[in-house]
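The same chain A turns up in both complexes below, where it pairs with chain B and then with chain C.
Here is the complex of A and B:
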């Protein structure tokens, strides 16, 4: 073991043992972030904040929640909401947080798409981000089941049923996932385990990995500019902060993040106190009843677009049933964002609006996702079914055409 | 069709908005980005909340507390059905309502005609059987009439005594000539004056019932809860349970399903699952919101109905007051925090520009 001098201060004591000073430099004061960024680059930090809120409130809820089909509903709606001091507050924060985290994830994702932050060295950031998206989806879905209301039950029923569409193993797979032939107590307890243990643990690891992937390529900036980080950071360290293109993670970048988070929290807690119906569906305040199908079954808002893709194909095409087509389209929609860095063949890293072809693609995709989301909630009858079909095909078409469109763009801009 | 236009409008709006905002170079960039995001998020929220609700739950006419049959007749005519019978019935009711009742005469009539089945404890007519026995022998536990004159509308009571099935709007459960007979017989053979007298007596008796007892030092919330509970018990508890208040339905589930062909739900969370608006409209006339439902129109006057809904809030959303009191404090605290965060950011970034 190396010789240790007697430490003169607590800071030194820790520094000797943990190399705190060097560590802080690497992680905070000399971790470089581009200066040309706007508040959209605070979405990642905001997500971390929301995730923390979810974990903390979740721990409190866990103290009273009972994962049993006979007790779950009342343990939430009576014990937590009415008996436990401020239990209602924890539940509202948790419920609204779970919904709002998806809003911010979407803003974060589409910021990345808009600024082209998924390519030229940033592919791993994108992939780890998509991993987070998948994990959050699973976390949201499993959590939604826990209050064991009507929507909990029927969403669980419909979503697990989807796996039945997989050829050969589908039927057995559904039973394996549910732990029973129908959605039952075994289903609730296993999704409870996933929600409070396995997925959160993996999520924490995945967030750490996402941060790791950011380290080498650095985050993108408003103009998609590539520059020499070494030169710019030397300028910064020499005191010429104003002319340097970089800022330090701490305190420069985080001071802005905190500002955005603090302002956002005002809005967030407004929702928690005064407008939480969008996150806690009224139908879910009816106890689960397997004999009584609700008049309308729909997922939470953040799954509506992919649900609509699933429902979009409602008639047979070329001998393949509408249900199977829907499942294939749904599978396509789930996976396609993952490979976006390779579908975009244009080398341009620029905001979408400066890209001659991509800009149309981007805004069309946005519009299409809006239509899918809005119609995903409506009953798929009459004209709605056709709008759904049209929007679903548009979605598929957009992604299939992306490599071709971006190849054209690449020619237009001359490979730059 | 309307929905389709909305879908198209969304796409066009998004494109136009984006073009316009990208040209307004005099607006700071972050403000432009923020406004795009606010509009997009607002639009999507509008789409999956208010718009979707509007599409899935068509609007029905507002609750009416006149109980003059106007809406029943309109509904029949709207559905292209024959409304002559309904018109005649409600015209008779209006005639009876013109008579001024005599409470003293009414007391004798009620004693002779009603108290064999109904109790009226405040007036010394006790309940003769247990709830379960009563349910077994009559098909449903008959209500105690002590405060009936206060919670039910006068017109409705007249209509109800004359013909319960019509007043309750459950002809589909008890069709004329069907093999099921409603437990309480119609009294349309009685003289209009007699009916008016009975109703006058019910109302007179109800006005003498004193407010429910509460324990010493009860809070305002507890007092109002006790008052509302009395109304709720009279109006709803014969059929419905309120588990979160420890209240069981007086009629057994088995008797209920014979009586009305359904088991009425526990109402503990109905204020959350249905909401204020829906409940008011539904209680006022269930058929209008949910055609074919087994729940009868109970004929609560406006005050009693709002007491019922308030009670459902006090039980089902008991922390509402706490929530509304805490909200502003948290928001003020966060606003101050946000101001400090803003100042700190500006201090740090002063050197960076």
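Here is the complex of A and C:
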């Protein structure tokens, strides 16, 4: 056993046992963040804030929610919304928070793409971030099933049916996932478990891992500049903060984040109180009915782009059915962002607008995702079907052409 | 050296125990997600066709799935390999789930066809896909005809077997 001296203060008592001072230095006051950043660098802290809100409101909803096909709908729409004190508030925060968390994830993700924050040593940050996106998607999907409304039911039906497209085992796999031939009580209870236990636990671990991946490559900056963190931090510690390129995570960086969080929270609670319709689809206020498909099924706004890629292929090409083409394109769309660091062959780490070729690619991708999102909500008839087809093929084309475009860029900028 | 081999033995022993435990756990976990026996037990649904009218779609429930039964009106021709003759009339008997992603298509009695609202697929009155992403006609559930005007879903009768035997291999049967 190590020897301990009598502590002179409570702080010292904890420091002897937990090494609090050194830990605070490593994690907070001597964890270095670049100075050349803007408000887009606050999205990470914002996401942590939203995730906490979702967990806290989720705990309160969990006390009254009943995962049973006969009780789920009323437990949400009657018990929680009308009887429980401020139950409606917890549900609104949870629903709006789930929607807005994807807005911030997309801003966070496209900020990383714009500033090239996924390459030259930052690949693990990107990969762990995409893992988080997948987990948040699974969390959003499983949570959407719980109110057991018409959209809950049919979203669950269509999404589980997608696994039927896997060769050979597809049909059995769908029945295994659902625990029944159709979306039923067994499906609801297992997705309830995933939503409130397994996925959140994995999410918390993945968030910690995402922070850890930042530790050694460090945070990117507005100019994509590489510099010696040790030298710059020494300047900072010596008191020359003005000439140092870094600031401390705490109090410098986080205090700026808190300002952004404060502004954002005003906007967020405006949505929660006065404008929550976008997260509360009226169709989902009809109880689930397996014998009646709603006239028009669409996912929440954040899945619309990939949904449109799924249904963009509605006719046979070269002997492959539209359904299989759509599934293949959908699988491609789900996986392709993950390998972005290896598709971008240009060594240039700069904001997209300073890159001669990538800037066109980036803004074309933004425009295409915008079109896919708009048309994903419209009925797939007539001209809409063709717009969807062209936007979907553009999406595939953009990613297939990226290695070639960035190789050209690499030559233009002379490999730098 | 002796310590090394002892440690090697302990490592192998633990590895063997862990491997057996891991496989057993995975089997048990997989099984826990399988449909329950009560779900798997085949369900049968008996439908009396005597009160059906032509060109009016009736939907019955079988194993949680909607089953379309459409009696052909005088101006609707029977389709070879699709239509079922019960008594003096022809019927379409099929699983009412779009073969694209499982939505329930709606019947339009003016145009005698089905339209799926999800992704725009269209099927003829006999359930044959004619537009959009559906890759194959609507599936036909196992059925048998009893007492002249009654149909039992879930039991593969002679008419059903004759029907699927006549189908080409690219059409899936439920």
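Quick note on the criterion: the second predicted complex is superposed on the first by the 416 of 416 C-alpha atoms of A that agree within 3 Å, B and C clash if a C-alpha of one lies under 4 Å from a C-alpha of the other, contacts with A are read in each partner's own complex, and residues count from 1 in each chain.
What we mean here is this: a contact is a pair of C-beta atoms (placed from the backbone, for glycine too) under 8 Å apart; a residue touches a chain by one contact, two chains touch by 3 or more.
What you see is a predicted model, and the numbers here were worked out from it, not measured in a lab.
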Q. Should the superposition on chain A be reported as showing a clash between chain B and chain C, or a fit?
A. fit
Q | If touched residues of chain A are counted for chain B and for chain C, the larger one | A | B
Q. For A:210, is the partner it touches chain B (first), chain C (second), both, or none of the two (neither)?
A. neither
Q. Which holds for A:157: it touches chain B only (first), chain C only (second), both, or neither?
A. second
Q: Would you check which partner chain A:175 touches, where first means chain B only, second means chain C only, and both and neither mean what they say?
A: second
(Q) For A:78 in the superposed arrangement: first (chain B), second (chain C), both or neither? (A) first
Q.
Applying the document's definition of touch, where does A:242 land relative to chain B and chain C: first, second, both, or neither?
A. first
Q. Taking the superposition as given, does A:323 touch the first partner, chain B, the second, chain C, both, or neither?
A. second
Q. When the two structures are overlaid on chain A, which partner does A:304 contact: first (chain B), second (chain C), both, or neither?
A. first
(Q) Looking at A:108 after the superposition, I want to know if it touches chain B, chain C, both of them or none. Which is it: first, second, both, neither? (A) neither
Q: In the overlay, answer first, second, both or neither for which of chain B and chain C A:35 touches.
A: first
Q. So after superposition, what is the minimum Cα distance from chain B to chain C, given in Å?
A. 12
Q) Same chain A residues contacting chain B and chain C, which ones? A) 295-296, 379
(Q) Please output the residues of chain B touching chain A within their complex, sorted ascending. (A) 1, 3-4, 6-7, 10-11, 14-15, 18, 22, 29-30, 33-34, 37, 40-41, 43-45, 47-49, 51-52, 55-56, 243-244, 265, 268-270, 272-275, 318-319, 322-324, 326-327, 330-331, 334-335, 337-338, 340-342, 344-345, 348-349, 351-353
Q: Could you please specify the touching residues of chain A with respect to chain C in the complex?
A: 154, 157-158, 161-162, 175-182, 184, 186, 190, 290-297, 311, 313-315, 321-324, 326, 379-381, 385
Q.
Residue numbers of chain C touching chain A in their complex, please.
A. 30, 33-36, 39, 59, 61, 63-66, 99-104, 106, 117-120, 132-135
**Q.** Residues on chain A engaged by chain B in the complex (per definition of touch)
**A.** 35, 38-40, 74, 77-78, 81-82, 88-89, 92, 103, 107, 241-242, 247, 251-252, 255-256, 258-259, 261-263, 265-266, 269-270, 273-274, 277-278, 282-287, 295-296, 301, 304, 353, 363-364, 366-368, 370-371, 373-379, 383-384, 387, 391
